[in-house]
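So, here's a batch of structures to check.
The two complexes that follow have chain A in common; it is paired with chain B in the first and with chain C in the second.
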Partner chain A sequence: MVAEKKKILLVPLDPVHDMGLKLIRKALDDKGHSTVLLPPGMEPYEVVERILDEVEIDFVLVSRTLGYRVGELLARFVDLVEVSGLRDRVTLVVGGMAVRPELAAEMGFDAGFGPGTTPGEVVAFIEDRPFAYGGRAEASEGGKRDLTHGFSYVYRKKEIQKRLAAIAGDIMGWAANKTSPGVERARLRFQALNKGEKYREEFLEEYLDYCDELVVLSYKRKQLPDQTRFLAQDELHFLKQYQNWEGRSKAARSGIRKPDVFIQYGTGCPLMDIMHIKVCEAWGADGLVHFDPSGGARTEGLLEGYLAHGEDGTLLTWENLRLIKNFLAPNTLWQVRAHRGLNTPETVVLAGELGADLTKINMAYASLGAGMDPARITIDGVEAIRWAAHYDLPFDVVTNEELSGVPAHKAFAGMLIIAHLALQLGGRPILQPLFCRSPEVMIYGQMRDNYIDYNAAKILALQQIIDAPLWPGAPIGFLTHTEDRVQSSLTTALHASLARSLGVEAISIASSDEAYAGGPIAAASRVDTLRATHEAFRFFGRAGIQPTPRAREWSKELIAGISKVLKDVANSGSFVQSLYRGLLGGPEDGAYPGRVGRDTLLRKEKGKDV
Partner chain B sequence: MQYAERILDAIDMETFILARDEGEAKGFMGRFLADLGFTDHDIVFLEQVGPGVRVRARAYIHRPGGSYGWLAEGDDNGG
Partner chain C sequence: MFKVGFAGTAKNTGKTTAVMYFLRQANIRKERVGLTGIGYDGEGFDHLTGLPKPRVICQGGCIIATAKGCLGRGTATYRILRDLSLYNALGQLYLLEIVSPGEIVIAGPNTRRDLQCTLDAFRQVGCELVLVDGAFGRLGPFAEVDGLILATGAARTPDIDSLVQDTRALEQIFALPVANKPKEIQGGNTITLFLEDGGVKKFKSASLLSRALVTKIARSVASAAVVFIPGAVPGELLWQLYRKVGKGFAGKTMVFSDPTKLLLSGNYKKTGIALEGFIGKGGRVVVKKRIPLLALVINPFYPLSTNNSFRKAFINYDILKQALAEVSGVPVINVKETRQNYYLDASRREVRVD
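On to the complex of A and B.
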């Protein structure tokens, strides 16, 4: 529909400044409206005379920075318009620094536009149509972004490809006759979700055989773990008022489509999560990562019901996830992590059935950084990858074992093994190098001068190895944050800008509470880093961050290190034994294979212990 | 307000308020500061985005040119 053309008088009621109005005038002219821009510094009565002189003025747009006594000046202007008999004929609008809608209304204006207003926003107001803000609006035109789109997964280092093929072949051969309680629960969960409620009793009879006592008690006696409670029906009911909430949103980028910005939620309560999600979506988050509690990952089986608890991370239940999913904006990417526990395959089934966009799997990280037994998590991980492929669910291969002391080249070797295995099984992996000030760099000094070169080297190395999507995480800037919110937001924004400069597909950012361990993250702290990232993206635009030549040198060293590790793992003949023996990170690095789930594997054919 | 006397000039509070608009949030925050006993306060920043309003409120303890409680406090404690 073509908007009706309007006549607009633009009034810089300011001694000097009229730049904002010039930009707005250009936007209005481009849309075919008729505009008249007055010179700066006119008195209110002179402006009213011009309104009387002009024919059929529809809008008067006044620009003025608010300060001492300016409110009186603007109110006097409105009064003059009123006594001149013009008030019913024209719509009065004020804009400028410190202007807020409610202040504009107090002064008698019909609308007010404050700092950050775009010319397009004003044009939309003139044309009486809703304005879609920045990046999310752009995103909504194109729908959700597939982070793996356009990547060939072609290797650029054939020797590395050959070694990965050998290792992946070993994993599949070793896993062929093995299963686990986690694998079996995933199968049962899938059947239950696809057969409906009538199947429940039959499902539970078998499912609970594979669960820990804590989970069994919750199903049979509604007895929940400590600090855990069921959400009340009225709580769920009252939350509905936010379900179809639509409001003004900010963009986390300016003009450039990528990277998508993910935040991690998981306050322990799905209701609080939902409110944090709505805040983050509004402030420019493109994607959300469901953060689950570490305790749940060490328990065989998933609880059920709408559950809240008083610890970090929100419990993975079908009901909790479905509730959260129902509140997501249509274009928000949603990741349900499956990577680090005894419920890895079942979590992928939940994610797939609920229509999540992404999951997270990495057996090397899970065993070296998250306490899982290598054999158990390898079996569960292979099955999880199969489920991810079944649901066509891309997943990132996280490398947070760097935080346990594993050097980047070893963590990357593990990541590439899992990514290659995924490709063999029909999956769509996304590489997730960690942008961090890891123990490795603290010891060896790669970040003594700057945080740019070594992070850039990681990206350059992976880009030289394979044409695959990259999603630095998780979160970027790990171990550079402090409890100071300005410092924390700034370091996040700078790491985000570096990632953007390197052309990655997505990033995961922390809140400004990242380094605060005393309690839950507050919503305002999430806004801090989203806003800082937005401003940094705006500042750099298409201009890049230039690493020094050292980045290129380190990328070559990383590739050589990765290749050497893969050779050692391939020669060992066993991925799982390589994890136990520390080839992908061991005691000399400060990393030890985990023990959660040890001795729980079953023989596939007969369901017997291996 | 002995502790407050040690505040150099002002105390800021920033939060996210679920509110219909900035005016409502401003009112909530002003009343909240008054309830806390702050008589000289201002709203530094308000921005409605999403399901509520980001607010930064300020309570002045010592305005420039006023009587600085921390001068006396410093003297009491030997400077």
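On to the complex of A and C.
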């Protein structure tokens, strides 16, 4: 539908500044509207005279740099328009630094546009089309992005595909007759969520049989673990004021849609998480990762209720997740990670039922970097992938075992195995290479000269192996941060720009105090890295970062290394045994197979499969 | 229904604190009270200066008109009575009834016409008293109210002598008599001269906008019996008109719409001098609608600008109160300090003491 053409008077009610109005005027002219731009420095009464002189002005757009007493001046201008009998004829709009919709309302204007406003937003307002303040309109066009869209998952290295097929076949065969308490709880949870509250007693009777004592006590006696408490009603009530808070984004994508920028939250308190989430959304985060506590991952069973605790990571309960979900902006991507604990399949069920957009699964990392018994997590991981496929929930395959010292080619081999298994089970995996200064490069010196070449080599290697989405993390630039927030923000922004230059789909970034906070991180430090990242995106735009030829050489070495590891795993005949034996990362790398959940596998009974 | 506007001679003069005071008094008297504002009030800090601002706290049963963008920003619970089909910069306006007491954020109608519609809605739900909070020095929409409470103080100027002169001028402006002769109640939407020969000379503007316009009007005053200015009358330009016409104004009448039109430019002293001059030369000055000044509320606080930020500062309250009380015919109240119970009497349409 063609917008009705409007007549707009642009008024720099300011001694000198009119640049913003000139940009807006061009955008309006381009759309065929009729504009008149007044010179700067006119008095309010002169502007009113012009409104009287011009024929049928529809909008008056006033720009002004604000300071004390300027509010009064603008308010008097509005009054002058009113008592001159013109107020019902024209729509009054104010724009400028420090202008907010609240201030516009206070001064009597019909709308206010502050810093970060694009000319397109003003045009949308004039044309009475939906828009959002301060940049989110651009970012939100088309809604949430599917990070896996357009990828064929076709292998470009057939030899690697062949080896992966053999290993995946082995895993499926090995897992066929096994189950675990985690698998059974996921099944019961799914049934309970789909049968409703009446089923609760029946559910708990069976569910608690598969739970640790600590969880049983919380259900039966409302006795919570140490440092854990229920949120009070007044705390939950306090949140109401944020229900409609939209915030303003400083996102500066300049027309380039990717990569989506994710942050991870998990302060231990869902209320504080929501505050952080709203801040991050306001400063342009596209996605959020729910960061759960490590202790919870080592406990059989999930607690229930609105719970806070005094540790890193926010407890995974149905109520906590639902509460957080209710506060997310419509276009925010939400990942609930399920990758590394005894509750992996059940977490995917919660994520799927609550409408999360993504989850996270990797059995190799969970074994080598997160303390899980390889056999148990393989069974749980296979089931989690099935649930993810059931809910059509894409998931990243994280490789943070690199942080334990596992070299990239081994971590990538593990990642590719899980991704291939996911494809066999109908899932949509996203590859998540570590994009940071890992122990491997500290030892072997791949980043002695620069941080670009080896990170680029990792991406190039994966791109040469398979046509799959890439989401470097987690977070990017890890181990390049210091206590200095400026330095940490800059290094994050530079890693983000490199990732963008390499064409990845998404990135996860840390706050500028994430590595050194010594407790909950500060919301302001989240703004640091989001702002720095978006500013770097703005700086580089479509211009890329050029790695040296060394990146290509290292990518070839990585592919050869991955291929060799996969060959060894395939020849061993057992993925699980390969994990125990260290083929995907072992003691010589600083990685040890975990013990959480050892000897807990059960024989599968008929009729209990997904 | 008694409609009372709370205007300020400047920002931060204490309008909202005064509104809260009279709202509490109305609650004590168990009146069905309505509350709205032509600006933005109720959040804990000022969007321009960053300084703390008073919260707006409402009791159950209070009727509120505010914008969609303010809903959920306070702690009071409410039910929506109706959608007013009006808009401001924060979205659609709603009429609410407070269910459980608490804080609320108010951004109501921002034009005279919208305020009129909103006041009609308050009337329809049975409000006896409606308080309309102002914003900055804005007065345009207040042509719709029955009386004004004016907040003044150090935020306008920390100079007490200057505040006294302002107050004296305000008294003069609000004391202007109502037009009652047939020739005075004629009018239109723009500046009009009703000539002694029965002719009419109309100008394009409703407001006294410029010196050039003043010069044009001054040239025609000699043949006019009545000069009607329906819009804004800035003190400086009114004074210019007086200077140009001088003795020529003897026997002629100057008509304004209401007192608020003389306050818009903020230069009350010049307005006062000009009015004294016209009357002194034998002219008559009237308003078509009288909007009584009900009380002055005074505030010794002002935001002191220092190195791109603001901090709180105060002038001597006792001296200020005494000085203003001497020149004012209405109650002068510091709502934070007073021990007397001032309230708005809806039937008598005035501020009274319990």
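Heads up, the rule we're going with is that the second predicted complex is superposed on the first by the 469 of 610 C-alpha atoms of A that agree within 3 Å, B and C clash if a C-alpha of one lies under 4 Å from a C-alpha of the other, contacts with A are read in each partner's own complex, and residues count from 1 in each chain.
FYI, contacts are C-beta pairs under 8 Å (C-beta built on N, C-alpha and C of every residue); 3 or more make two chains touch, one makes a residue touch a chain.
Everything numeric in this text was worked out from a predicted model, so none of it was measured.
Enquirer: Look at A:Glu72 in the shared chain and tell me whether it touches chain B only, chain C only, both, or neither; answer first, second, both or neither.
Expert: A:Glu72 sits against chain C, while chain B stays out of touch.
Enquirer: Tell me which partner touches more residues of chain A in the superposed arrangement, chain B or chain C.
Expert: C
Enquirer: Once chain A of both complexes is superposed, is A:Val486 in touch with chain B (first), chain C (second), both, or neither?
Expert: Neither partner.
Enquirer: Of the two partner chains, chain B (first) and chain C (second), which one does A:Ala232 touch, if any: first, second, both, or neither?
Expert: It touches nothing on chain B or chain C.
Enquirer: Does the superposition put A:Met19 against chain B (first), chain C (second), both, or neither?
Expert: neither
Enquirer: Looking at the overlay, what does A:Arg100 touch: chain B (first), chain C (second), both, or neither?
Expert: both
Enquirer: Where on chain A do the contacts with chain B and the contacts with chain C coincide?
Expert: Overlap of chain B and chain C footprints on chain A: residues 100-102, 105, 242, 245.
Enquirer: Considering the complex alone, what residue numbers of chain C touch chain A?
Expert: So the residues of chain C touching chain A come out as 10-11, 38-41, 43, 47-49, 67-69, 71-75, 87-90, 107, 110-113, 135-141, 143, 189-190, 204-207, 209-210, 230-232, 234, 257, 260-261, 264-266, 303, 305, 310.
Enquirer: Going by the contact rule at the top, pick out the chain A residues touching chain B in the complex.
Expert: 100-102, 105, 114, 242, 245, 247-250, 275, 278-279, 281-283, 522-524, 527
Enquirer: Going by the contact rule at the top, pick out the chain A residues touching chain C in the complex.
Expert: Answer in residue numbers: 45-46, 48-49, 52, 66, 68, 71-72, 75-76, 78-80, 82-85, 87-88, 98, 100-112, 237-238, 240-245.
Enquirer: Which of the residues in chain B come into contact with chain A in the complex?
Expert: 14-16, 18, 21-23, 26, 46-52, 54
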